[in-house]
């Protein structure tokens, strides 16, 4: 029983242990920052490796906590992403006075996501969501002296509080109409009465807020731009990914009875999200803000995949998120290094970047290509599978809109490539030195981008775990 | 049947020369190129003469008539079973005759060119192009497949293009070459479509098959050709008229003749070969090849007749007013080809009826000799005075005796003075016309007079008129230039006496020619009248020509300006094609089609700018949007989409 | 007590919810915005308790949810206030209209 | 033959190029790789003939199948028929010539050659794919390198052109994607199982309703690649801004991806759709042919001339496909090969001229034959091929298209055919204008010291000229090669 | 109408009115006080519903904690008596409309919904029950959420400390032992305007 407990909650327990370890270290005497960071990274690596071993399926605490191979996979993906982010924000953290606190908050949000993924009822879901949100707001403020950082944090916390208010109202109505918070018990009780649908919409708006679906996305760009790069990348990849995992499984299992409603809703939302995300991304000049909108558009594509309502749908979403982790983090890796050394974040600063920083340029280029869905990068497969699952329902209008929007999105990705490779610049950015750990992080990402599409078992594995409909 | 496959060597020898000299580039083999070219041409000529001997005198006949012999045939490109482009050699009387003409004249021109082109840059290139032309022309005349004709038709066109533009640094030469190619290309379009129509209904590209099927009124092909129609004409008429359009273009028939005078920008031997003796008669040859098919369609025959007659007349009139000797010769060529053409048009098929056909071929044959002689002579003159303009010449008989005599012979021949070659052939043509269509006969007679007039105008202006300045420092030219003149002059005298009808006739059977001295009176008289008028006007320098021109007034000016046909073409191409089609198309593409594409892009960007207010930076607005989204979704899902 | 229909309690909570929302939409002072959020959360709490008590008395789901919401609200309020204070340091103002540097 | 070799060789070459240092190593490696590939392609051709002569009449030869994404029925399935081999040969010729032409590419040479080889790899993959997914994959692989090639090494308004090209082609491939997905979800190869497998789909077919919906997507999508009016505007800009080798690749290879796709995916898999929309295809193709030709006439920049003429010539490809007869489709394939070789040669010549004179404006050039006879000759050969001179490849292809189109007995289609034929006159006009002005005519003194082609340029031009001549003089071999493939397509067209 | 219901309506009315005042009064300190009353109103509603424990928690946490926190932060950030800027009329109007519509819409849905009770068990909330269940890992236990919330509180605490603590310019020991100043150079932050 006890070993069962440990195995089932392995991911969460390790995170919690690391978290407390850090607290203890923090309470102790001041130490060498670089050493500490290395230690944390090693711990995260251990966490990642441990996550891969000894998986067990089952549920605990009266079904409040459920672990499955899928959940384990998702947690491992998040672990991997976190490790990469940690590695590539090394430069920034090394000079940050509160690096350890940063990690504590980071780990607590990660823990929140894990609980959210494993949640078996709405209460755990809500708590996981809050645990993964509230500390993030604090993290967004970690560039303490920057006006933008605090503005971003303020917008984030107020928006998310509002959203969680609506979410809670929705949960309360779900509770009121079904009498239970437990997912498994709830599902058969959903009968599609107007109030339930309303409650469901409020619930979805909570998800939509976290994954930045138009029109619930407005906080995204501002927060991404203002927050430190590490936090931005964490927000855009890990936090979004975690919520998406839950979103898919909730839609596909718990709210399956309402599928008729949410299919139309997702159809609408995905079109809106792709188009608005693209339109905004076109005219951005701050690279983080740009990536924010690009990630919004990406979510639109993910929604297309979700509309597929099939095993292919869920597995393509998970597969895409894996690829998205690599691609987006590769992009953020470059942005992070550049921003850290030169403090520049405007896209126009990247003019002539190729002359001085060919390696970084290629990394960013490959990452952008992957985001744009250009083969042979993994992004191509990811996006294609999403569209494929979307087409599975026979809704070719949606697929056509999405496919054409891929062209618009290509425009802005290529625009950056163009700026780096082709634009003339009198004094381009100086050569940016890359510390070892960020190098490692980018290496992992690029490897992932290039190889994911060609590793056959990967998709098969994900597919075998995917949620059927 | 005898094996005639060795005839393949006739075109292949020049091809080999072309490849060899072409690969040599412009700086190698400069000294040797002329000899190599002449030697291989000699080979070709000998082989074709031998073949002609074999064909006409040894084993060409089956029964009474000359038969068609397929010497070789390879499938070159098979579209569908039965529908293929074959490369082959077919021998019948006209193709053997053409082989002889082409290879012989080409040999003469090659020899002549050795002297004429001495010291020129790019001699090697010149000879390679010349060989290319000879190859293509030879392959054209032996074609068994209509598409093979088309292929070599195009190739002679391009060799003509290359040779006209040989002096590529002269803008006028470049323009002329371009013009020649484009005008004939335009005509070839008709040819091509005609082929497509013919081939579609008869299901083959093979000329024999087409003829068999199209002339057999029981066959499916025939019914198809006659019954299908477009814009009121049957498919048969369309196809023949279109094919004839191709021939007319190549043969410089009115109104597609405008390229021919300009083509004189090329080296003179080229003009002699291509634009006098061989390529320009390809159109006639083409009609003759398809004659059985033409014959069954009256409209097509009418078109051939009147296009030929009008061309003959128009060209003759223009020729009377021109001052550039090569241009005069060019118009005369056009006029003579007009003769051949209308001779075909008025001809019947088989037996006595086929006189026009025989006459046409006969004239083609004789014309090749005297016209190339004229051109080569003109080349010698130009070589001597370094000018094409008649006003720079005069009294040259002293300095160029050989040229003078040979030129005179040629002039007499073309004027139709007995006993020179032209007399006989022209006689037959006029006879054929007389038997069939009096109007055409009238035109023919008038043109005969005009021909005599302008040729002797030329002759007198060049060799008499004034006393030439002392030019003893130049010689008349090397032997390589004189020899061809003499040989051709000899031929001009002799060939008229061949009983052509014995060998060549519309159906292959010998056609006895009646020579009726009474009929010859009118043509000969008109020719002599023309000569006398020319002598009166041009033998001595005087103001008579000017008075004469003033008397003719507008007609003279119109003729001098070539009836403004060039201007009309220029108007159509520059004003209509370029300004009304080309420029709008280019503009439309850049501004409308591309504009729409760009508009899509800028529209996207503008929309993006338009909705940027959504992201106002105010967190309260964000919350409002959020709430608005929730409400909108709720309304949609609960009340609208149920 | 049964004579009070649950809809009336829900009326109160819904009204409170929208009052809070109104405050969030209109108040320019961040602290008052935070207050509005607290009102929203309270309305949800009322919902939970009412549902639990009147409809599903068998389990204490609603009650516990309420407790956790209150706790979370406290944490949220704390972080929000911390952020506001930090913002005040950088902006010298806690008017949301002054913190609109990030836009478009 | 193990077909994936055709992908591995370029991939390895590309990787090797990345490892190399300096222009000298890079170009040697690139050339070696492309020559190996050329030899392989010729070998493939020879073996194909042997197989066919030995009586192997399977539709696809050397099929090879590897499961890629099993749950989604995506296989890496390859196989060739004559059409593919013709395309592979074309690609091999153009790639080898392209590498040779770029022999002195100093700027970022490693990246340049990498992208060239990579682009070639995409084309090879595309032509051997028998799986719609991999086909689409390679189609897109071949797009982005062009963006970089044009944008980085191009001239003129290169960024604009590169972007336009990339976006329009991606727009095309987006449509293709919808078409491919439509085909997939409407395919049923037994037990309701969907498939991307071209062969299997061809055997079982798709419902006519679905064909009518998805044919336009697939055809228009691929059509954009092959300059379907009115989506051709990337062609002039893209070609004119690209560096020489990229122009060659663009016109020689990537426009062919579109034609091949139109044939192999759209027409082959959706014959009824093709029948339904044939008139539109023919209409657009005729417009493209004539309008492209007339627009070319007004161009003053050599590259624009060639680019617009490509619009016109690719119209023949579409016309041939739209006419739906065996001969016309064969003609379309021949036209693809011919046009590929010819435009590549043309662009090579233009590039050589530009490199020396630093201008491409026809009005500024003149009399180049005097100082650069070789290049001028090449230019003229390309021009003559373009205007359809017999003995060169263009003639064979165009005539096949014309003859084939004429077999379609509809009167209006015939009118279209005649109009298309008429374009050969316009072609003559613009080609001769350009030649007359740039190659002939008086030469400016400024060009007195210009040198003629170097060995690499001669070799490059030689390779392409050999291709053109081989096809123009002896078309029967390529006809034999292509015919079985087109027959199977036509059987599908007639087969319902 | 029983006394109980009268009480309910009175409490409700008070709660709503004070809440309304809290979000409309122009003076921030008054606003806080109105909020206080409103929260007390909610607490009394809990009392009325006989969930004393929640009511107590409400008073302790909200009234005793959050409102105090808010008041402190008001003191920290501005003059408490000052009038706050009014919202723009357009926004106020628009928000009011949106909120009214939202309310009508929501309440319409709620009132039309037939809430059905699933059990008729008596509703008993003893503090001890709550305590037991709170820490019970088995059925009806809430140990796990309890732990999660505790971590949330820990994280919130850490976050608050980092953010709100006035950061002294302190030395961070860098790799090579050389001290560097902690706050980094503030880079010029350009306003991102894309010229369109």
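Should a chain be cited, it is by its letter among A, B, C, D and E, assigned in written order, with residues numbered from 1 in that chain.
The rule we apply is simple: contacts are C-beta pairs under 8 Å (C-beta built on N, C-alpha and C of every residue); 3 or more make two chains touch, one makes a residue touch a chain.
None of the values given here were measured: they were computed from a predicted structure.
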| item | value |
| --- | --- |
| Chains touching both chain A and chain D | B |
| Number of steps on the shortest touching-chain route linking chain A and chain E | 1 |
| Chain separated most widely from chain E, comparing mean CA positions | B |
| Most central chain, Cα average position | D |
| Chains most often in contact, by C-beta pairs | C-E |
| Chain B-chain C separation of Cα centroids, rounded to whole Å | 96 |
| Whole-Å gap separating chain D and chain E, where each centre is the average of the chain's CA atoms | 66 |
| Averaged-CA centre spacing for the pair chain C and chain A, given as whole angstrom | 27 |
| Centre distance in Å when chain C and chain D are each reduced to the mean of their C-alpha atoms | 64 |
| Multi-chain contact residues (two or more partners), chain C | 10, 17, 20-21, 24-26, 28, 33-34, 51-52, 55-56, 64, 68, 72, 75-76, 79, 82-84, 86, 89, 96-97, 99-104 |
| Contacts with two or more other chains, residues of chain A listed in rising order | 123, 127, 130, 134-135, 137-138, 141, 144-148, 153-155, 158, 162, 173, 176, 179, 194, 198, 221-222, 225, 283, 289, 411 |
| Chain D: positions in contact with at least two other chains | 167 |
| Which chain pairs touch, all of them | A-B, A-C, A-D, A-E, B-C, B-D, B-E, C-E |
| Chain C residues touching chain B - in the complex, by the definition given at the top | 21, 24-26, 28, 33, 96-97, 99-104 |
| Of chain C, residues touching chain A in the complex | 10, 17, 20-21, 24, 30, 33-34, 37, 40-41, 43-44, 47-48, 51-52, 55-56, 61-62, 64-65, 68-69, 72, 75-76, 79-80, 82-84, 86-87, 89-91, 96, 99-104 |
| Touch list for chain A against partner chain B, complex | 154-155, 158-159, 162-163, 166, 194, 197-198, 201-202, 204-205, 208-209, 214-216, 218-219, 221-222, 261, 264-265, 268-269, 276, 279-280, 282-283, 408, 411 |
| Partner chain C, residues of chain A touching it in the complex | 123, 126-127, 130, 134-135, 137-138, 141, 144-148, 150-155, 157-158, 161-162, 164-165, 168-169, 171-173, 175-176, 179-181, 221-223, 225-226, 283, 289 |
| In the complex, chain B residues that touch chain C | 612, 615-620, 623-624, 627 |
